[in-house]
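What follows is a group of structures, each given as structure tokens.
Paired with subunit B in one complex and with subunit C in the other, subunit A is shared by the two complexes that follow.
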Partner chain A sequence: MNEKLTESVIKSQRAPLLQISDLTIDFNTPTGWIRCLHGVGFEVYPGEILGLVGESGCGKSITSMAVMKLLDPRARIGGNVRYKNQDLLTLDENGLTKMRGRDIAMIFQDPVSSLNPVHTIGRQVVESIIYNSAIPFLNNKVMGKKKTEMVKKHQRVTVQAARIEAERLLNRVGIPETKQCLKQYPHELSGGMNQRVMIAMALAGRPQLLIADEPTTALDVTIQAQILELIRSLRNEMEMSIILITHDLSVVAETCDSMAVMYCGLIIEKGTVEGIFADPHHPYTRGLLASLPRIDRQIDMLLPVEGSVPAPHEMPRGCAFEPRCNVALNVCKIRQPAPTTESHGRSISCFNPQYGGFQV
Partner chain B sequence: MNKQEGSSVVSLRNQNGLPLLEVTDLHKYFRVRSSGGLFGKKNNLKAVDGVSFSVSRGETLGIVGESGSGKSTIARLLLKIDNPTSGVIKFNGRKLSGLLPVELRKLRQHMQYVFQDPLGALDPRMKIIDQVTEPLIIHNIASKSECHDKAAELLRSIDLKDHTFYRYPHELSGGQRQRVVLARALIMEPQLLVCDEPTSALDVSIQAQVINLLARLRERMGLTMIFISHDLNIVRHICERVSVMYLGKVVEQAQIDLLFNSPAHPYTQALLSAIPIPEPGLNRQRIFLKSDPPSPIDLPSGCRFHTRCHRAKPGCAERIPELKSLKNGQLVACHLAHGEI
Partner chain C sequence: MSIRFFIRKIFRALLTICLIVTFIFVALRLSGDSALLIFGPDADSESLEILREAWGLNKPIWQQYVIYISNVFHGDLGKSYLDGRDAVEVVAERIPKTLSLMWVTAAVTLLIGIPAGIQSALHHNTKRDRVTMTLAVMGLSIPNFFLGVLLILLFSVTWRVLPSAGSDSWKHYIMPVITMATAEAAVFARFTRSAMLEILNQPYIRTAIAKGVPWKKVVREHALPNAAIPIVTIAGFFIGSLIVGGVITENVFAWPGVGRLLVTAVANRDLAVVQVTILLIAVSMVTANLIVDIAYGWLDPRVRDLRSEEL
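Entry: the complex of A and B
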């Protein structure tokens, strides 16, 4: 307990790397504006792996897309996203280009569709290395015709250096025959190998924050174990922070330091992984944990969360979880609970949080 | 419905001695061009290579393995969606090969399939109730109004509300759709239900609902089930016996508790250690497998797993291990487990 206390004291003295507060996202649909994120807030501290968990449609991915500003430009984004005291939401296109890849990099769920099928792995990794090291030269607006030739000459040297760097990166992410791999196309590699290539490309800019959006969902368990181990070791080696987006609570338990549970565009509970798994307070978190079948013991009966997630245009007036909640109060129907902060950075959005007595 | 249910349970009990499904030395090879594009040499892709098992009435057999291990191919062979290259499948003591189409259709009433992707398995332009009654009409079992009543009763019993009956698949949630797929398979009151990854497209809280429903229906209808999944957590929860497959071969087969408590094959050991457990700070000893699975076209010699095995010895590359029983009844295909090397 003491250890954890000191840990949280240290944490509170450090400045967060990424601070998101009150983030809202609305999409325009034929039936009008629909709000998909209802004020999401969390912090990522240096060197920390944060797990963002929730079921499909709860807004995990669009939160990360908003951070990278990859959403459709017609989407309305509100709130604050601060990266090292820089407001990402007000950055212009130039600033964003500099930020993406070098400060914050991202890897996606399906590596095969994220890679270009008609270019070799080598070309794609080299491209991302050059892009991340020589942005001013490559920016078309800056480049005149005379300068282009100079850049080309300059690039020939960089391509050589970039190839060596590419080999080093592929080697680091655990690809056995790097020379051969550079000449291959994505379809010639397995899913796990493609995901390693994606991670190598993300590392090219030496980012301080890596957003991994369901990086192992498309992979087999034995390969998943390899990739998660790789991600953990990279964090230790490069002192990166990582946001791991996943629907798999077991992956969070084994990989992350802290976690945030999302439901219907809201963070309903966040805190340290140990704290939440030992004593989940929000009824939804409890329900999720109770509905997991487990490999390490025999359970007589799974306890599912009954009902299903409401559609974004049919959100209840009060707490979004109230229709499925088994400890709902009257007030839950009327008002949305605001997040309340407890010790050790724990925060819950619930009028009737449950304490203790949780046993799977 | 209840009356029929009762009688079918009785008839099942009467025939209890015989296994419902018997598979012997099943092979399925696909001819593929491995290299050189359109004019390359054709090779055999050994999707299923010498698999034997039997399933007794009322039992649930799990088939687990990574992608490409041949799980789904087996499912397709069992229902004769594909024809095996060689080997015998006996259902209720009758060989599936050599049946006339009419006979096969009759037999298919008793064996049904639940697909992985419910949206892909349902007809987007048919109302839910029509999808569920369609099998009854195809098999000419009851009149239209009887069909409708029967389907409605079944749908209600799996917690679908009346107002969803006249909707289309895209209007339902993922969990509801998978219930409809289940209902369509169960309306025939089959003896054998083959589920191919029935919950992998669903969220955890919904997955638990569907798994509980499956377990309940199995009890009530006396179903025999083959449950194919890559998720060992669910398999442990719902199955009685498991077959672990690797590259077209069964490497281990055992009762559920035996397999999870004392896995004998190195692949099973690695597989179990790779599965994350929802409990932080466990610090488990993890076996990391080397590299990726080899290509099923160009299989390694001897034991197929030796290229990735953490316990492999030189002899493993020479002889193919047989699936043999250990003292406790666990079937394992490994030279080391049997002390042969």
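Entry: the complex of A and C
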């Protein structure tokens, strides 16, 4: 535990791989523009797994989709997303296509519907390899351009190479019958197998950052553990950073190095997993952790704290958590707390943070 | 796909055809005395009797039906009352004209309707989308015969630039094709648009984008082929409505095809010809739907597997 802690302290002295600041997202709804993200900021350091936790609807998915620019084009995104000092929000279509899959890859909650039902697994993995490989693959089918005989011959070779690579990737993510799997369709595989395929596709471009949006929520418990184990081992092997979005605090405790807690489109507390689990400072985080019976037991974060989340269009003027907070001050009603940074990269947005006296 | 699935589908198709043929047989015979209608109200009873005798119309209806069915199975579909030729021959010589009109209409429909729908979906909620959909609603709400008559009034009567009847030159095709294709293209544009929008909202499209597949390729490799699956399913309806629209249009423009034959044959109580025509229509529609059904399973591996599992 201590070793892990110092490790992440060392990491935090390096330059962040991904740096998000003041990220805001507004959606155009029939009743006008609605702000769903109110200035989110966090960093992901090389090689770390960051857990992004929060109740349903707090904005975890839209945050990650904003990083990949996967949101509906009608959504308005503000703020800054920097990947290795490159501003992702101002990238053009071409730059985005290059970035996606190669620098940052993503896997999703429902692996079965996230794969094209009418393409074989092989075709989809090969596609990922062809679009993300450094070698200029020139598959006729995929690239769709006129080719000379020589180039055609070359294509067949490279498609062959892509198939071999696909098999290697499927093998790496723990799929036993890779040859057969390549020929199968997503509906012929289990949810866990499909998620492994999704991970294999994500690895094709050797990305430095993997965003996993609730990758195990749709799977049953034993499979969940296997997939998380796979993700952890890949991080070590490929020196990848991971943003793991989840509802499940026990997943965070087991898998992540650092964590960021979201509430109503804001990050209210972030820091190392050890630090926060040992002594959460924000009243909301304290509520969440207090309701966690034991670290090794899975709990669902639905309503862990009394009261309910305000809807995006009726956000309180002051602190978003004020209606549910039992240590609220007068100022909380009128002003929004700004994030304050403490040691070990811990940051809290609260006028009245609590210290100590917390037993897990 | 399993053999049993095929057999079941084909059996159902045959049953559908039998039901249609029976229904038409009974309806034609119950809706008036054919002999009287052919000879007119002042015919003498003796000649009426001779006619009924000659065509077997004096027998009870079930007997007529049994005879008809057994004749059908012997390849005899009856003779035209008007000129005594084989009804099949009378209908068959009209088929090429009808088919050529249908081909051209189908091509125009698909070439306009599908790209318009795709463009609308890809530019969802933009001006282009709204203009296309407004045009489609307008196209849908004009009845065939009204559009046909309107075109004749404008282009044949007022401006005298296009022929209003016949089928001899390419000029004769213009108005009938516009008449039929307007509503069909509108249906296709709307359906294609909604099929595309549905597909574009699927999680696997998001996956493809996240993988770094360029948008054009996402559309071409993932969205279009998948949207084609529901579009293929309406091809059956399409052929049906081409046939129905064809009957109306052929009559508006005096197009010498099967549709016009059907209307004159009904008016003349030419029972055998009507029955052959209806049989032809039924067989084409049922076959079209059978092909669509099979193609559907072939295009979508989920359906393919479902079928071989449950049957």
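Keep this in mind: the second predicted complex is superposed on the first by the 315 of 360 C-alpha atoms of A that agree within 3 Å, B and C clash if a C-alpha of one lies under 4 Å from a C-alpha of the other, contacts with A are read in each partner's own complex, and residues count from 1 in each chain.
To be clear about the criterion, a residue touches a chain if its C-beta (ideal position, glycine included) is under 8 Å from a C-beta of that chain, and two chains touch if they have at least 3 such contacts.
Quick caveat, the model's predicted, so the values are computed rather than measured.
In the superposed model, A:101 makes contact with subunit C only, not with subunit B.
In the superposed pair of complexes, A:238 makes contact with neither subunit B nor subunit C. Look at A:93: by the touch rule set out above, it reaches subunit C but stays clear of subunit B. Of the two partner chains, subunit C is the only one that A:131 touches; subunit B does not reach it. Look at A:176: by the touch rule set out above, it reaches subunit B but stays clear of subunit C. In the superposition on chain A, contact of A:277 is made with subunit B only, not with subunit C.
Look at A:71: by the touch rule set out above, it reaches neither subunit B nor subunit C. When both complexes are overlaid on chain A, the residue A:115 reaches subunit C alone and has no touch with subunit B. Touch counts on subunit A: comparing subunit C and subunit B, the chain ahead is B.
Residues common to the contacts of subunit A with subunit B and with subunit C across the two structures: none.
The touching residues of subunit C, when paired with subunit A in their complex, are 125, 202-204, 206-215, 217, 220-222, 225-226, 229, 299-302, 305. Of all residues in subunit B, those touching subunit A in their complex are 66-67, 173, 175-176, 203-209, 211-212, 230-234, 236-237, 257, 260, 270-282, 286, 288-289, 291-293.
Against subunit B, in their complex, subunit A makes its touches with residues 55-56, 176, 190, 192-193, 220-226, 228-229, 247-251, 253-255, 273-274, 277, 287-289, 291-296, 298-299, 301-306, 308-309, 360.
Chain contact summary for the complex, subunit A toward subunit C: residues 68, 70, 74, 93, 97-102, 105-106, 108, 110, 113-119, 127-128, 131-132, 142, 144, 185, 187-188, 198, 201, 204-205.
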